[in-house]
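Shared chain: chain A. Partners: chain B in the first complex, chain C in the second.
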Partner chain A sequence: MPFARTTDRTGTVFSWLCGGALAVNLVLAIGLVGLIGWHGLGYFWQASVASFELRDGSALIGEIHTVEEVPEDSAQWAGEQRMRVKIGNRDLYRLDFRWVNESEIASIEYPDDLVVLERLEWGNFYGRMRELRRDGEVIASGPQVWTRFGEVYEEKAAEREAVEALERGPIGDVNYAIEGLRLQRRRLEMAGDSTAGRLADVDQRMAAATARYEALAEELFAMREELKDTTVVMEAANGQTREIVVGEVVRSLRPNAMGTLASLRLYGSRLWEFVSDAPRESNTEGGLFPAIFGTVMMVFLMSFAVAPFGVLAALYLREYATEGPMVRAVRIGVNNLAGVPSIVFGVFGLGFFVYSIGGTIDQLFYAEALPTPTFGTGGILWASLTLSLLTVPVVIVAAEEGLAAVPRIVREGSLALGATKFETIWRVVLPAAAPGILTGMILAMARAAGEVAPLMIVGMVKLAPTLPLDHHFPYVHLERKFMHLGFHVYDVGFQSPNVEAAQPLVFATALLLVGVVIAMNLVAIVVRNRVRRAYSTSVL
Partner chain B sequence: MRRQVLFAGLLVAMTAGLCAAEQTKVDPALPAYEKVGGVSGSLNSIGSDTLNNLMTLWAEGFQKVYPNIRTQIEGKGSSTAPPALIAATAQIGPMSRAMKPTEVDEFERRFGYPPTQIKVAIDALAVYVNKDNPLQQLTIPEVDAIFSKTRRCGASQGLDTWGQAGLEGAWAERPMSLYGRNSASGTYGYFKEKALCKGDYRDTVKEQPGSASVVQGVAEDLRGIGYSGIGYKTSGVRALSLAAKPGGDYVDTDPDSVLSGKYPLARFLYLYINKEPNRPLDPLVREFVRFVLSAEGQRVVLKDGYLPLAQAVAQRERAKLE
Partner chain C sequence: MPQAQTADVVLESSNLSLWYGSARALSSISLEIPKNQVTAFIGPSGCGKSTLLRCFNRLNDLVDLVRIEGDILYEGRNIYVPEVDVNRLRKRIGMVFQKSNPFPKSIYENVAYGCRIHGVKRKAELDEIVERSLRGAALWTEVKDRLQDSALGLSGGQQQRLCVARAIAVEPDVLLLDEPCSALDPVATAKVEDLIHQLKNDYTIVIVTHNMQQAARVSDRTAFMYLGELVETGPTQEIFTNPKMRQTEDYITGRFG
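Right after this comes the complex of A and B.
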């Protein structure tokens, strides 16, 4: 390089160049995470709620979200400020947001008695509490409503939890049992097993389970009815009132009367809800637990599939195969595989895993459930296997590099001491190459966790009714469909009808996905460092 | 249940005359859903992505009534519904367009009778501009001249700048920036058929992967114009009034105009089911469709931003189940 020879023999410029490249990378990474973090973490913060008097005599209640200058072109309001106000009350106004121009506003106040109700349906309600009713009779009105509401809310929240526990627990169990019995009955019928005894036995158990279900359902409906008996009458900005069932309120707050500590506790509680709860309102509210679970489980399954596969292939290529055009061709092929668009893997997974293998499994083992497919449709197993195909080149390349880095002298030493080739590989080469292999796994996991496109056709869904892991035998249900953080970002960002309100959620989900990837990588890195330490003391 | 209908009525009465945002309600004549016995099993739905949210919400509501059923909903596009119904991997095929004759034929070849089409909601496609754009209205030939390179609806020349659409001042020189859906979408096909008179889109239309991202794009882009379902409206955009032909009446996207059929870009959303003539339908499917056509089901339609059916239509659709 003439550049190095003539102008910069000491390498000062070059080292600056390297440092600069690193700096650009760092700025990009920090900027991206910072942007996602800024938007995403703001999602959980409760802003003050303002009460607007407008010049035309109407009123508004809401949170001020953004303030901007009206562009020159908007003839009427040009040059002045305007703000986007979250007015909520979707059941009254249809839209969650509204723009208000500065000159329209007569006054803005932040009274303490403004209440935000987070509801199970229809989003937030902004307004003032007027009355509390039980079975249609007023039990509190005026200023006492707020204090009384707190007590009633506690009671109703406990009731709602009981309802949910009943739905998830006993009712879920009995339904699972009924479905199992139905399939068992069908299997007996199909086998032509008219042994009346067995069929009658299944029928009897079915009847018992159905009766149990009926009883539970009755209990459930009674509990739900009770949940509905108390309502709070809310008054929105312009005096319209709305009666809201207390049992359907997730949280009630008076943001303007909250201190810093209360605000922080609210923030924490929302954050916790986000990572631990199930989603609501077609994924635009509530938490993301099933999606976190689905993402992590899928990546783990993928790792179990890809690790042995990739390492064995690399071992063969590096240790057993004779170097030659064939091996070189295979190696080039593997490297190119990493460049195939991921959706192609998705289509392959759909055709090969889902339709061919899954369809055959269904015919052989789950014929009683047909035409409803069991394995013959997308599921977490097929998604993991598809992704393991996608990431196997990464693992092969990394493992090969790891194996190549083991000094020849070590192998020869082992062989000279009388170890066979297999013993040498198993006891000496593989442990020494393990950190390199694990590095490959880390890269593969990060790649897999962020991949969305191929999963859309092999088992990822917007809303999965059940987790792929539960307390029903056999505990792991590999045929089930699953939710995924990456798909959640895509779905809420591009398909959500209420995109304005859901946008911060997209950032929060993206941040969560980054967090999950970092957490998984940290685990892998800790494992790698342990392996490395163990190797450096015991073998060499 | 009856209380809820009353509730909806009360709500409407209370909010009458409220703010500029459009206000609509479910037809008070719609019957409340009544629970029946003997409904169990698992319900699979495969089809439209436009209806994905709606199906999810319906399924949630239906499961409230029957906690013992299981539902699985896949929304990968309207075209995935007919094959799923034919292969019987789904009992319900939601579609944002009517089945094509070839799809119906294929179904008939397999079963010997056509699939049953149920109208479940009304969607209006709106043409959106940025909230700061002063334009109020367009005719369909003008819309065609903006989005299409073939101009089959009769415009003599294409519209490239906002000045050509009638705006003055700084706007006159500004080029239009077009947003639309990708070709896999039913919305793309519907708009092509109705607003472009089956012509071709311009190459400059920025194709978006979802209806919400069209609206987002127009909200961020001062010069933007795009089409998307009325349910996706946000505070950052404004829906234009449209006239079917030059000189015709400009019609707003308010629910009354859409329901009366005056708005030129309104369509039904459908569920397709496999019903053998003269044989009773599987109770699970029957009850699900009845739930969808009840007051509760249509309230969900409203919540998702679409327009509910009137009792007369719903009644006719319910009759198809018998």
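Right after this comes the complex of A and C.
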């Protein structure tokens, strides 16, 4: 048979090899995201609260986190199951978690009256409500406490919000104004402008602002006192009681008495708090909004800096420079730049941007604030510029590839109509290369969003009191330090005083970081596809 | 050639030689292109006809290592002297390429492109130029309802006529056509050839073609080139029926090529 089928062994093996490689990659990627997702999303779910009675007569209340076999090397308990229980009540026990071996447990129950209080400080409290007190007098006790607590809580939550609004709003504004006046006065002094009128004017405004501050501070103090007037007495598992200020309770729950709908609502509200609120308790509780904001803003600034530089450099290399040893050397240099460890860029950014440029800017324009540095210290601008140095090779390489892909005949078509080289590049070549350039930008943004090491020395901080964007003129404060999701993972996971309690938060933060990167990439991809449709060169 | 005809000569090359590095692509070509006529360059592949064509709008300037000797006169003035503004020259001498090369833009923007870079800004004026050019390239009726669509969605023949429209939009004197039909099917080829017949009234046309029948159909004068040399030139009728040179006759009768 001339056309008998023969088996193409090499081909078959090769196709399996390719498929296998892809499969391994997919499994790893899906596994990673799945792991992060599972643990991260589990963080917001409220588990039931168990009440343990142990064989030695003591009692425990807490959430069962994990159940596992006791490691082999423990001779006494080998082969037994043990569980990690979140017992909270850090103010009583100092630790949030403890291990309980199965053989120690006499009984486990899930009574409806167990209460979890999420607090502003000291983490969760697990126990039972005993009394509600106002100004030291009992206003409810026994079973009525829970219902009464709900009403009081609403009232106190509103008061707490008012306190926070006062701190953030008027008091923040007055502080900002006082600082501005202080600098203005200093500037006048330094300029030797002793015109009595102007100094006196500043002093007068300063006095007014200080008076206003004092009035506000008094108001704040009174409000804080009022907030503290109502307390709830909680009884922990071992009978210890604790008086907790209602105004410091973020959320109160009876997890065992909640239905599915209530659980889901709680889940949603925690998720929302996570993405929209500021952090508490050295970042291990509360939300991550400042970190999300910082990450996104830094990536945006980085993109604005890197896009023009990368594209212009690529244009010169591809369109204007004469191909030769010099250009090849530059190209190799650019490619190698992509391989330099990121921390090296961080050190460079610290030396060049922060100390040299920032220090000079301070001396020239912000001398009145010295020795406190303004731009001469890490800040979001320097961090963004450092990252744009880090990512510029990616953009240059991608833009060069994009430019090279524009057919010569299209350029000639433009030149043959009498267009100059610049007009041809600007109106024909660049639009046609735009999708390739945007692909480079997408890669650069993804790289920048995930980068942590260099940022630690050029402006990223564990906790930034203010966002780099606010309602104070000039609205964008590029000199401010900022928070970042990647650093948050590192900080909470490895630097936190309460690592075990924070562990699930690390997953949630990592998931959020992945989500932010994906969201930014999606936006960029949508933009690219629009550009690609408009300037498609695929037919050529 | 009688002296009386020189008044009508638009382009003229005299003793034109061209090297790509050390390889000589054109040797001492002297040729006259008469006004409002179609002149066809024929010859086997690699004989230098496209290279010669690209000398007329100085597009060879862009190729590395090209060296040119001799002169090309456009309306009696040498275009290979430093004072010449190449961009203005190319505006006067338009070109359509072998492979259609519309810009990755809309149909409208493709045609308006040349006028925009030469400073036409008013929308109404551009609209008018686009319509006139597309009508001139016999494409208007096919695309008038989708001017904002991508030019790359057009068929090959339409794209080539769009390139013609784009070239005539800047109102050149001369149109250089570099094998404009080589990538087209017979129907599209016929349309482009019809177009050449119409354009002859307003433009001087120089066409490079592989296809001898096409040269016979569309051109008034034909130049036969072989190995970088101009073998013979004359009225098309004469070249095809009564060639003076042996090589021309061999090529036309299909003995080689």
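Throughout what follows, the second predicted complex is superposed on the first by the 523 of 540 C-alpha atoms of A that agree within 3 Å, B and C clash if a C-alpha of one lies under 4 Å from a C-alpha of the other, contacts with A are read in each partner's own complex, and residues count from 1 in each chain.
We adopt the following convention: a contact is a pair of C-beta atoms (placed from the backbone, for glycine too) under 8 Å apart; a residue touches a chain by one contact, two chains touch by 3 or more.
Keep in mind that this is a model prediction, so the values were computed, not measured.
Upon superposition of the two complexes on chain A, no clash is found between chain B and chain C, which fit side by side.
Of the two partner chains placed by the overlay, only chain B lies in contact with A:Ile171; chain C stays clear of it.
When both complexes are overlaid on chain A, the residue A:Gly418 reaches chain C alone and has no touch with chain B. By the touch criterion defined above, A:Ile409 reaches chain C but does not reach chain B.
In the superposed pair of complexes, A:Arg427 makes contact with chain C only, with no contact to chain B. Of the two partner chains, neither chain B nor chain C is touched by A:Gln204. In the overlay built on the shared chain, the residue A:Asn336 is in contact with neither chain B nor chain C.
When the two complexes are overlaid on their common chain A, residue A:Ser107 makes contact with neither chain B nor chain C.
Vertex at the C-alpha centre of chain A, arms toward the centres of chain B and chain C: the angle is 140 degrees, rounded to a multiple of 10.
Between chain B and chain C, it is B that contacts the larger number of residues in chain A. Chain B and chain C never share a C-alpha pair closer than 52 Å once the two structures are laid over each other. In the superposition on chain A, no residue of chain A contacts both chain B and chain C. Chain A contributes residues 58, 70-75, 84, 90-99, 121-122, 167, 171, 174-175, 178-179, 182, 213, 217, 220, 224, 238, 240-243, 281-282, 371-373, 377, 456-457, 461-463, 465, 481, 490, 493-500, 503 to its touches with chain B in the complex.
Interface residues of chain C, counted against chain A in their complex, comprise 57, 59, 62, 87-91, 94-95, 97, 99, 101-105, 113-114, 116-118, 150, 152, 163, 166-167, 170.
The part of chain A that touches chain C in the complex is made up of residues 407, 409-410, 412-420, 423, 427-428, 431-432, 533-540. Chain contact summary for the complex, chain B toward chain A: residues 7, 10-11, 14-15, 18-19, 21-24, 40-42, 44, 49, 52-53, 56-57, 64, 67-68, 70-76, 87-89, 131-132, 134, 169-171, 208-213, 215-216, 222, 229, 231-236, 303-305.
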